[in-house]
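Chain IDs A, B and C follow the sequence of writing; residue 1 opens each chain.
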């Protein structure tokens, strides 16, 4: 398929702009554009066809089952798209006078109250733009808190389990802390003996996802809380897996001091091919003074932005955060009310059902009921038939499913992390399980079907090695090669392992 | 209202397959001491019609730019978003896809990202762009992180004429990065290159804005040269829709080009979500934060796209990653690509020329009406600062009563400008509306 | 494309899957068959600068495949005398010939006694059994 630049023809144009009929105003010569950017020159019909063709070659939740672990690919309600497009939200300037933005301020305030209730922590900031940014904000809050108490110098370390998302250690570095790893035991819980050795006066806090990326609720959570609070450290909850426990348990109640939400996971903001998202945080009372500025506050019947916050860590993003994301999440939560609990219950039911159907054909590293997701190992298939989890994933595409997360968490070899979410019908779960079982049989009988998969997508398996060795990161116009399918199949540069 | 698909019968069959009697058994792994044990205290569920009514009532209490004549800018602008942007973003495949880690499932998205990267490189004349950052503020923090690791230096220099929120975000990130932040003051609306050169000694980077927060045109090539003389990376924070008429940062010695993408293809949406862009010279490829789409071939030799150089990113490099960013702003960047493609090079130039002509008209009309420009000697693009002869906040309130929003009160961020308003004039404004502005302010 | 699994007898090994060939107060360093097999085809080798000092048990550079990045842990201490440009320009050489053409750096040893703490081939193979 051609790039939009390859469809460009000089003189063609889609846009029309007002012509005010004024004499031209010029930019001083030394600041003037010397050669125009080579943007596409195409008409509107071609523009629409081009992006339609691109959409046809993209698979979304709208297209089919998308069981990526820890991503919570649930259905994105269409009513949310309608309300976010209301002109009073869509065309509102963020620096509009507060009196003329009361609807927006009230929506944010109400969302804050709701999120506080869901996790059991009273003070909320909606500002962070995504989960990772929520993590960083939480860590900066820890820094500010301990500095304020004169303990900033000693407390330099954050403890992170070996099952953590990569964002956790990356955020730790960006906050100027040092990451200390703690092991996971055979039940899938944090190893408490290892933990006791790693926590002390040098510890600022813990970052934990619970349920973990193994889909398991840490059975030792009460003891973990004790260990950290006795050391005077703080507990940070990575809310990526909140979909499992809404209305059932609250991180604020089981000892956490800071929580971040992923509005694009639990609260239905569409993933958009990679973003946008929203990463609000909720904190305990004593951390409230450090929250980003401005705060959204209520004064009687009116809602205001409070900039007078002397202990704030500052600002992590422009304005109040990604407002359009708040509108969707607020609408989503108002659609459920207290029945958010049922959302989580069905998420857990769906995951356990798939686990029951798949546990024999694949290896289940932790023999427990799971929460909203579970991890299988493809190790047996590799040992017995030489096919990898990567091959299984590519073959699932031929069955018209998006593959689950693969090779994560790192502690499970040949990992497949599966999260169906609560919006899937039973028929879809069964079709997916049937496909996984068929693939396990194919691994034994026709392994080349897996190794050469996918067969039915717009492209066959892509050469990621070549992309890394010879980076081509933009269209090079006159110098760009145009491979548009060759007649003889190419030998793929070898890809091994993960 | 819920979005669940299971029937009662389904649930029974599933429980049987799992081997438990009730869903509660699946939650036994949660210690009873930490269970909530009561319903969430949330308002009752709304049906879809009720939900729309409630949200409509909230929206109706906001005065959006459709309900007043708005000259409000200061980083977010009332530019025209063409209908094709809405049409493309409504495609459920783009809206509901995840990050394209499985490239064969997402060729459309990966190609669109590649095309977006190309568009940003063309606008800025840089060699590589990422797939977007959160917004125009955080990309400045990203640029500082790149510069720190590229130069080994721990000082960054910011122009005072750089958007105040951008500076505030950099200062919030700086302690964690181990960076010292220095500001260079504005001199009559722009930055003095010699002062900048001095301040940039031992700096990792210098960040200036073009056009700057006051709407003034900086002596950008001289500022970049000043940074380069001090061996600091020159970083330009630019307005994407100005780059049809203003020179590209890559053409005058910048190492990185960053900015807020909203003006190209996004609605104002009370400040977000939008997209930040970040582009760099090729020597910084391995230090780039965020995702990058790259071209390759499949086993039949057919062209395809994949996320590449992923070893920079958090899911592989973990604590040594170039950034912790995971979720970015892909959908909004896609809107930017559609918008820039709709404009084309001619349209982009024309858009810039229209903004220049209309804002000059506004400067003239306001001067005729007796208002003094704050920086009369400076060339501007689409915004300018004007003194309104009384506290700006008062003038704004009065104008709003007449259905006109004159602009941003600069006294919030700069000393000595309590009587100054930052007036933004986009292609959506007409000469009649500008006449009205002058009338309303003079009243 | 990659070599068959071997562990030459005459080399010394480090538990982090690196080898050393010691001659006349200098050592040539590289990664073992096991290391290149785990990583997959290498796409990038980030070497130390010639003249740099590297320390036993400390990282001295990085190798990357598409899906993984790994620190190179030095078996011995010394000063970098030469970097293998072929490994820099064509990192897949390390997969094809990890002990020959795929060598990474040559160093002048600062403490030749350190070689005593390295593993012989049998001891290294034992570690591999336990992986």
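Here, a contact is a pair of C-beta atoms (placed from the backbone, for glycine too) under 8 Å apart; a residue touches a chain by one contact, two chains touch by 3 or more.
Keep in mind that this is a model prediction, so the values were computed, not measured.
**Student:** Between B-C and A-C, which chain pair is linked by more C-beta pairs in contact?
**Tutor:** The comparison resolves to A-C.
**Student:** Farthest from chain B by Cα centre, which chain is it? Let me know.
**Tutor:** The most remote chain is C.
**Student:** Using the average of all C-alpha atoms in each chain as its centre, how far is it in Å between chain A and chain B?
**Tutor:** So the centre of chain A lies 20 Å away from the centre of chain B.
**Student:** Centroid of chain B to centroid of chain C, CA atoms only: how many Å?
**Tutor:** Inter-chain centre distance comes to 45 Å.
**Student:** What is the distance, in whole Å, between the centres of chain A and chain C, each centre taken as the mean of its C-alpha atoms?
**Tutor:** Taking the average C-alpha coordinate of chain A and of chain C, the gap between them is 37 Å.
**Student:** Hey, what residues on chain B touch two or more of the other chains?
**Tutor:** Where chain B meets two or more other chains at a single residue, that happens at 311, 316-317.
**Student:** When you check chain A against every other chain, which residues touch at least two of them?
**Tutor:** In chain A, residues 464, 467-468 touch at least two other chains, as defined above.
**Student:** At least two other chains touched by the same residue of chain C: list those residues.
**Tutor:** Only 44, 64-68 qualify.
**Student:** Any idea which chain B residues touch chain C in the complex?
**Tutor:** 310-311, 316-317
**Student:** Enumerate the contact residues on chain C facing chain B in the complex.
**Tutor:** 44, 64-69
**Student:** Quick check: in the complex, which residue numbers of chain C touch chain A?
**Tutor:** Of all residues in chain C, those touching chain A are 1-2, 37-41, 43-44, 64-68, 91-92, 95.
**Student:** Spell out the part of chain A that touches chain C in their complex, as residue ranges.
**Tutor:** Listed in rising order, the residues of chain A that touch chain C are 407, 464-465, 467-469, 493-498.
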